[in-house]
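The structure appears below as structure tokens.
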Amino acid sequence: MSIDFKKKVPVVGKEPRKRRRKVGIGHYAVNVWLIFWAVLSVIPMLWLVLAPSKTDREVSYKNPLSFASFHGFVRAWKNLQDFNSGVLAHWVINSITYNAAIVLIASVTASLAGFVISASRIRFKKAFLISTLIMMLVPPVALVIPLFIEMNKVNLIDNPLSVILISSLYPFGAFLSYIYYSNTIPPEIYESARLDGCSDFQLYSRIAFPLSYPLLALLGFFAFVGNWGNYFMPYIMLPSPEHYTLPVGLGALFFSTPAINPGNGGTSVPILKPEIALAGILVAVPVMIVFLISQKRLIRGMLAGSIKE
Amino acid sequence: MSPGRRNKPKNLLMILMLSPYLLLLFLFGVLPLIMAIINVPSKSPSNPNGGWHVFKIVLHDFRLVPAMWHVLGFMALFVPLMILFVVAMSMMLDVNSAPWKKWVRLAYIVPACVSGSVAVLLWYVLLEPTLSPFKGVMHWFGITQATQIWKTSNLTYILVFMAFFALAGQWILIQFGSLQSISTEILEAARVDGCSQFQLATRIKLPLIRKYVIYMGVLVFAGGLQIFVEPQLLNSSVYHGIAQQWSFDQLSYSLAFDNGNFGEASALSLMLLVPSLIGALIVIFKTDMFEDVTLKSSKKIKKEALEREAVKA
Amino acid sequence: MLVVATAALLGASLVTPVATQAAIPSITIWVDAPRLPGAQLYAQVMKGKVNVNVQLHAQGDLVAKVQLFNTVKKGWPDVVFGPPNDVAFLKNPLVNDALQLDKLQSASVWKAFGHGNDWCILDGHYYCVKNDLAQTVLWYNKTLMTQFGYKIPTTMAEFVAIGLDVAKNHPGYSLGSLGDQAGYSSFLEPSQCPLNVAKSDTVVVINSKDSHCTRVATTLQPLIDAGVLDVRSPFDAGYIKDVAQAGKWLMNIGPSWWGQFVLRPASSYNIPAGAVATAPMPTWPGETKGYSGEYGGGIYTVSPHSKYPKEALAFAMFMDGDARNIVSVKNPDGSHGAPTYPAYGPGNKLWVAAVAKDPYYAQNIVPAFDKQAQLIWGGTKPVRYDANGAWGASFATEIAQSKNLQKAIDAYATYTSNAATQVGYAVVSK
């Protein structure tokens, strides 16, 4: 079998595979296992979804996966929403705006970097990849204090830009992009395109970018997942409550409730297990939505790739 | 035209495309890292005169050795479990592409959607035999009291469980994506040659996604060494204090923020970086991670695979 | 550098400049969620006199962040609500974020605290203001006590006698649980066991072999063996379900907030109305006074970096002594007033008036509170390590496994001795 490079560009997606010739018990076993694991993964979330239907007492008493009443959701929502005259909405808006900016900057810079490293003949490639790798491996605790000092120098403490900029460094994404591009586009393609007079930017816009949808979906998704729940960086950089993100705000609210810290003593804030669970759903749903969106993109991107073939 | 002269201005464009990332990397990666290193010998309460012997001070911290055993025990379970499970699961997902698998994949990332203070509550409930949705299973195993679960000797297993649940789904997604990028032709060819699904997975697919698996291995290793979030969550739950300074990173955090010993914290963090880095570099240089000729090597693998099949046939 | 430069410019335009009116002092307050309504009320009350910027922060946030503020030399809030131990950490010269408060208000105000603010006295000076007292008292189920024909114990010997009788004649009923900090505040601390006795910033007494500690172990071990004193945490879901909610709660030694926030809520112990009562602490053998331990009880600290320390302290005193906060402020759950027993004498007089009439309790619970408020054992002092978290880290797991109280106390002593040494204390046995 001869291998023709031009044809053999590993297709990003795949054509619908031929019908299975034999469907053995093995396949059923595999499918059952896949579904079993899926159910196992979803049960904790199911508990979170059902908990707000109950009162705090019913959470301890009733079957953990039972449903009590819709009124429970209304009550839990009201308790959350009423807290500090609706500050929750403010946290949600902060989280959305910061994350939109982070996902955009992080995905674009990382994918461009991955492309350049895989396509160019720049000398310091190895040094670049190693430094990116180091950044992925450095414990974040080591960098927090220097970053804080740095941000203070440019007067960005308590300014959302600090979190946006810091979180936009996406070495994981840059590495992923590099592997992606070097796996999907062989250097020979760039070579021939260069001979055809393509500029480096055209290499990106005409060859790499059209094949990048699945990558961008992947990058965007992981950037979002990684930052949406991020507590540490916004907690350190943004001390004023008006800049709190959802995780930081919820942390400040929840860590003083007896549901999490009974030893803290008394409270007159009606935030107990049902309210925390409801907030948990609030945090989780956007991640799932983003997953579904990026998954769609991923498939569409794959189809686009195969049609071009 | 000589290729050299043609390339020069073009490299400029390339550098321009690289520069936004490079700038971020320098400002928020390299620069703070250098600052962290410079700060190591600075004066602190436990190192009043400053100096590099701060490394020695950290090594004598009474919490270091327990933390080391905790983390090593954790990694011995976590790293192999993650790699084997994730590769196996993504292979299984890739066997055929039924539409329902989209929902299965969504289900796998669900545990990663819960974080922070909500995760504190959720894990507390999950592990509490009177509240847990899994209490039936727990009771079946004879676990009816929280004290059977919440004890320090169990922490390793609990934390492996937590970290595994939170992270496996995302890695399955990535490995599944990498499997998706394998050319159909190769798979068809192998299938025509009578390759079973299992052979297809181990002899064709696995070598082809090797890079991604290695990548994952490095990050899972480093992540395991730096485990922080999970013990911190357990520690701030109802059983406050149970996982205090359990891991290296918790200790480092505590040194910095509880004790104000930024130098010690950086020193510990840098020591942690060394094994990850050595591991990563060995793995990467022993493999073709950095080779330009990706395709050549994968072509070689494919060829070998096909040849092997041919011999068998 | 371009990015940072532009970012800085953008940043400058995004951040609203802080109003710097010289005429009106302005202070920043950090409080946790339960203290938020009171703080917001204070901001309203002071409008035109002091600009009060109220910020919601989790308890202990300052301890996590003060090192960062110190590094960049700005960002310190003026007055902060936090957990009791934080004052030792903040007062440490290396951290330096707790101001000495003696001269900021008149001696008569300090005097009105009685012993209520003793916790905040370090080296003979006030470094914080106690928000509330969490003095332990004996909480009991009056209905059951009458039914079983028990007299309220006034000594530990009587407490043990009841326990052994319960084990024999009413098995399943409980005299409480001690598997976390509760073990300390309910028994070890009232017995004056020296486990956290800071002599100064650098010397702490930790001695689990002291007779005040060993007598606790020998006295209570029979009750543990008999199962009437539970080794689980009082907040353990299993304990709550098997004992408290099953109607088996007879009595336990617990802090002043126990009734409202542990015994009463339906999701917690759910003790029916008309049953709960309090009594003063039982005395340990050979003692004339029944000392209390303390479980919780927050503090306010003022920053030495504050430009308006008097205004900052005034906020703490408002929370502690002003009827508008203590009695009237509207809480998110619809209740009114401060949730816990105010540390400041004149303040708690206002507070107890409402609690004394609460029909939930079988009788007035306040006299025991008031008596014990002046009898909190003064030996326990703020320390710079997490003495409270250490109960979970060492004591709780040891007692759950071995059910041996002395072993668990020793485990705690070993753990905290290490922790204390690590942050620069000399650990002594006397």
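Letters are used for the chains, namely A, B and C, taken in the order the chains are written, and counting of residues starts over at 1 for each.
One rule holds in what follows: contacts are C-beta pairs under 8 Å (C-beta built on N, C-alpha and C of every residue); 3 or more make two chains touch, one makes a residue touch a chain.
Since this is a predicted model, take the numbers as computed values, not measurements.
In terms of inter-chain touching, the protein chains here all touch one another pairwise. Most remote chain with respect to subunit A, judged by CA-atom centres, is C. For this pair, subunit A with subunit C, the centres built from the Cα atoms lie 40 Å apart.
Subunit B has its Cα centroid 15 Å from the Cα centroid of subunit A. Shared interface positions of subunit A, i.e. residues touching 2 or more other chains, are given as 59-60, 145, 149, 165, 251, 253, 255, 262-263, 273. Contact of a single residue of subunit B with at least two other chains is seen at positions 24, 27, 130-131, 238, 240, 256, 262. Touching two or more other chains at once are residues 3-4, 65, 71, 180, 235, 237, 241, 388 of subunit C. Here subunit C touches subunit B in the complex through residues 2-4, 63-65, 67, 70-71, 89, 94-95, 179-180, 231-233, 235-238, 241, 385-386, 388-393, 396-397, 400-401, 418, 421-424, going by the rule given at the top. Contacts from subunit C toward subunit A in the complex involve residues 3-5, 7-8, 10-12, 14-15, 32-34, 36-37, 55-59, 61, 65, 68, 71-72, 74-75, 83, 132, 134, 180-181, 235, 237, 240-241, 255, 257, 260-262, 265-268, 270, 295-298, 331-333, 335, 339-340, 388. Interface residues of subunit B, counted against subunit A in their complex, comprise 6-7, 10-11, 13-15, 17-18, 20-22, 24-25, 27-33, 35-36, 39, 89, 92-93, 95-97, 101-122, 124-126, 130-135, 165, 169-170, 173-174, 177-178, 180-185, 187-189, 191, 197, 211-212, 215, 218-219, 222, 226, 228, 236-238, 240, 248-249, 252-253, 256, 262, 265-266, 269-270, 272-273, 276-277, 280-281, 284, 290, 292-295, 298-299, 302-303, 306. For subunit B in complex with subunit C, the residues that touch the partner chain are 23-24, 27, 45-46, 61-63, 128-131, 144-147, 150-152, 235, 238-244, 256-260, 262. Residues 1, 3, 5, 8, 10-18, 20, 26-27, 30, 33-35, 37-39, 41-48, 59-60, 64-65, 105, 108-110, 112-113, 115-117, 119-122, 125-126, 128-139, 141-147, 149-150, 165-166, 168-172, 174-176, 179-180, 182-184, 186-188, 194, 199-201, 204, 214, 218, 221-222, 225, 229, 231, 247, 250-251, 253-255, 259-263, 273, 276-277, 279-280, 283-285, 287-288, 291-292, 295, 298, 302 of subunit A are the ones touching subunit B in the complex.
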